[in-house]
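Shared between the two complexes below is chain A, which has chain B as its partner in the first and chain C in the second.
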Partner chain A sequence: MVWINAVLQGVLLGGLYALFAAGLSLMFGVMRFINMAHGDFIITAAYLLLALVTGFAIHPALAVPLVIVALAAAGYLNQRILLNRVLGKDILPPVLVTFGLSIIIQNALLEVFSADSQKLQAGWLDTASFKLSEDLAIGALPLLMFLAAVAVIAGLQFVFYKTPLGRMLRATSDDPEIVPLMGGSNAHIFAIATALASVVVAIAGIFLAMKTNFDPAAGPARLLFAFEVVIIGGLGSLWGTLIGGIILGVAQTVGAQIDTGSQVLAGHLVFLALLVVRPRGLFPKT
Partner chain B sequence: MSNTNLSRRGFLRTSGAAGLVTAAGGLASPAIASPKPIRIGFVSPQTGPLAIFAESDRYTLETYAKAIGDGLMINGTKHPVEFVVKDSQSSSNRASSAAQELIFDDEVTILTATSTPDTTNPVADQAELNGVPCVTNDTPWQPHFFGRGGNPEKGFQYTYHFFWGLEDVISTFINQWDMLDTNKVVGALWPNDPDGNGWSDPKLGFPPVVTERGYQLVDTGRYQNMSDDFSAQIAAFKDAGVEIVTGVMIPPDFVTFWTQAAQQGFNPKVMQAAKATEFPQAVAPLGDRGDGLSVEVWWSPEHPFSSTFTGQSSADLAADYEAQTGNAWTMPLGFKHSLFEVTLNALQRSEDPTDPDSIAAALAATDVETVVGHINFANGPVPNVAKTPLVGGQWHMEGGKPVLKIVENGDHPEIPLTGEMKPIG
Partner chain C sequence: MTTLLETRNLTAFYGDFQALFGVDITVGQGETVALIGSNGAGKSTFLRTLTGLLPAKGQDIRFEGQNIAGWAADRIHKAGIAMVPEGRRLFASLTVEENLLIGASGKRAGPWSLEKVYEIFPDLIAKKNNPGTALSGGQQQMVAIGRALMSNPTLLLCDEISLGLAPKVIKDIYEAVPLIREGGTSILVVEQDVGQAMAVADRVYCFMEGRVTLSGKPADLTKHQIAAAYFGAKNEGEAA
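== the complex of A and B ==
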């Protein structure tokens, strides 16, 4: 029974990891853009929600869409004004610029929100759970996170493969030099991609705010798992990101069941093993 | 060579002094008329994951700047005092270079540092290496003393430290378990970091004392910090029927565990999370789930001590802090204050407040009542260390706000109880 429990909790944890990684996967897939500040953007979204709900006493049902819209707008402008300038053949400038952004964001959050560890109280949702048997229970919040991850991935998949916008995004991803010849604007499309990724970042931040305590320095710790998930799933594959998240989550919980000390290590080992067997990930698209 | 014992440092000091004498000869006398300013270097983690420990820094420094005014009277001469503050950015490497900058660029008279081994150890190491007196606190004394390779026979020459130790937190925590009626099965949450490894040490840590005092320990092993899932531990605790959970956890891990425990239907009677629940800012976001959590208490407004420098009692200090900053009092506040109490006290007693050896001698002879208790480095468990009292506390929700009650004072009955230990739920 403990093993079933470990796998079940691992799958739910995988939803959280997929949610953290989906934005990264999107930017990686479309722009070959490695965003080192991804984790800090998630923390920023968490703080924004916290500020709206506890600071300005805005109802969460209104605050959540506000955060999503704010992040999408910020993502669009950030790409248009700053990040497009460093985008090119060399992958180093974007890494350096977003690394700098990461430090700036952390210190700005520290100035505004202080170093206090924060959490958004979700009331009954925090501790609610569905009891399957004496030893098995599924937390309502982890389940909600998992469903959100599936919905986000399905939504992105739809946008990418069923809409004109998705066609432009895929075209730009395939050949950014030809798209302008057809009347498309790379700068605009890249910014749209970042805005989409920022929507996912906002959703991840909203769940992070409810899941556990966060502080201005909590972002980078989220980045490593997100990278692993993207690599396991395969570059550019959205469903791969979900599968990657689940693999990492299950590896961690099953590893912890064997020995609690090896929880994080087990995830890294599975990641390494997959790199050896399939260097391009499970479902590479590019 | 007639003097074969001449060390490198001794040589530098002698030749430096000779150089000074030569320079003074050329400069004539007015330099003697205005006393040399005393510079106090202070390193603390103002940014980064440990920044919560430094919230009261600014208030404390302002308090002292005001109290000192235009100078400190030492041996009948008024010496101006300057504080030079450096941020460790919560990194031990940065703390080390901050200490070097303070020693070589700012040429401080004395170094001070607080909060966790990552700050106090590198700063004290630099001080010892370069012959600068140093006072530190807010790190349990074993990780500080032994973490720096201290020898209990010899001790250190320039560096002094005061705080409680592992033996105190073990005693306090187990005393708290004794206060409630339980099945005496204890689950441990000790991470794979210096704290977790120290607390779980099979010889010096919790395990031998836990067994000796009649409790059964369920330890699932050293987990990694920043874990996103504790279902393995929760399953093991439920399986063993654990009613008491004890640990030293970082805030995000504790909240992940505590939330997941509720979701999985695991409800212990006692939950002790050192580090994670030491601050009201960390307990408040838990809401009602924060009620009944227990933690060790190193300082509180109820501690029956007063500052020898400003005359404030613990209660006065906390009240003034809350009035000035609008923040709730936190335990580091008392320790930040006492750090400069001990420092300034030593400077005032030193024969020559510009001479490192003279200040170190005064530090060694410290015997002062501070806002965190009596400090005397001669009576410590090892040389250069003085111990401060530790009692047990529990968070009680009063009007929707977490209030830290002192519920256990077995080792230090001079500190009054302010509440009664209750089981969670």
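== the complex of A and C ==
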């Protein structure tokens, strides 16, 4: 039964990892942009929620949408003002610039919030759980996290394949040079893509704040998980991102069941094994 | 005839390389104009400059009375200039119908709609849910033309639409031109096939080495004049 439990918890944890990865995958998919500060944006969203709820005593029901709107707006402006300038045929400048951003964000968070690790108390969500059998239960928070991930992926899938905005985003991914001849502005479409990705980043940060302890240096580890998930799932596949998250989550919880200290290592090993067997991921974009 | 488009002394550069040297061209309302000339003569460069894909800041490109030189490409598109780019450039991950719909992003009013495009290119109806790039070359060209028409342009630019297509297919595509003109759209085609250009256009301009070397109504131009303008004076009489 402990193994079934480990797998079940891993699947739910996978939802959080899919949330980490979806924004990264989206930005890469639309504009071949590798955002090295992705994990730090997630941590920033977590701190923002913490500050609003504990610092300014704003009710979480209001603070959560505030964080989402703030991140989306910041993402749009960041892309429009800064990141669009380094976008081009060469993928190296965005990597370097966002690597610099990552360092700046970590130090800024350190200045404001200190190096102490923090966690947002989620009240009843922290403890509530549903009993599946005598010795099997799932927590309300992990379940909510997983459902949010499914909803986010389904929502992105809908936007991309059923709306005029999604049509424009996919067209831009195919051939950005021609898009202006269709009346689309690349600078605006790229910024919209980043704003969408930032909404997902905000949701990921909100759950991270409630689920685990975090500190200003916690971003790069999340970026690593996000990369692993995107590569396992296959670049450009949204549902693949969810599957990738689940695989990484299960690998980690089963690994922890084998040996408490090897949770993260087990995830990396499964990632490496899949990289050898399926270098283009499980669901590569055709 | 009212003038729709007029360029005066237009120049264009790729880095330090000058591709156009003072090009003056006019297109009247409802007129079909062809640009002919050999590879590298500057015809495509001229279209790219009109659409804003190449920088034209500080120059003189009058469209419906406004100087559009230096405008961003998406703004020029919304003003009513649509382009069928060389090589078609359909969006690979979009279906035929999505490719058409994306042309209508500017939301300009006018006679063109999905139904109207399917009316002039009925071959596309059965393929509307296929990926655009899974079609034959001729059908892809129809999608590219339809996509441009969906924006309800006042001026339609067509860059080498017959390139690489079989003669029968070229004929089918050019049969759509009168239907496009019926809607009041002016057309500027770049065409290497001189015969095709002469057949379809009210007026032609011949380009050589970035300059206009000849212009006029097809009926008024002799083969000698065209050959001289197309290949340069030294080859006069050898071709055409």
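Everything that follows uses one rule, which is that the second predicted complex is superposed on the first by the 283 of 286 C-alpha atoms of A that agree within 3 Å, B and C clash if a C-alpha of one lies under 4 Å from a C-alpha of the other, contacts with A are read in each partner's own complex, and residues count from 1 in each chain.
Going forward, a residue touches a chain if its C-beta (ideal position, glycine included) is under 8 Å from a C-beta of that chain, and two chains touch if they have at least 3 such contacts.
As the structure is a computational prediction, the values presented were derived from the model and not from experiment.
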Report task. Check whether A:Leu120 is in contact with chain B, with chain C, with both or with neither, and answer first, second, both or neither. Result -> first
Query raised in the report: Regarding the shared-chain residue A:Ala256, is it in contact with chain B (first), chain C (second), both, or neither?
Result: first
Requested in this report: Could you look at A:Gly183 and tell me whether it touches chain B, chain C, both or neither (first, second, both, neither)?
Outcome: second
Requested in this report: For A:Asp90, select first, second, both or neither according to whether it touches chain B, chain C, the two together, or no partner.
Outcome: neither
Report summary line: chain A contact set shared between chain B and chain C covers none
Requested in this report: Using the touch definition up top, name the residues of chain C that touch chain A in the complex.
Outcome: 51-53, 72-74, 77-78, 82-83, 85, 89, 91-94, 98, 101-103, 105-106, 147, 151
Query raised in the report: Which of the residues in chain A come into contact with chain B in the complex?
Result: 2, 5-6, 9-10, 13, 16-17, 107, 110, 114-121, 123, 126-129, 131, 135, 137-142, 211-218, 221, 225, 249, 252-253, 256-257, 259-261, 263-265
Query raised in the report: Which of the residues in chain B end up touching chain A in this complex?
Result: 47-52, 54-55, 90, 192, 220-224, 226-229, 231-233, 235, 238-239, 251-256, 259-260, 262-265, 279, 281-282, 285-287, 289
Query raised in the report: Where on chain A is chain C touching in the complex?
Result: 164, 167-168, 170-171, 173-175, 177-185
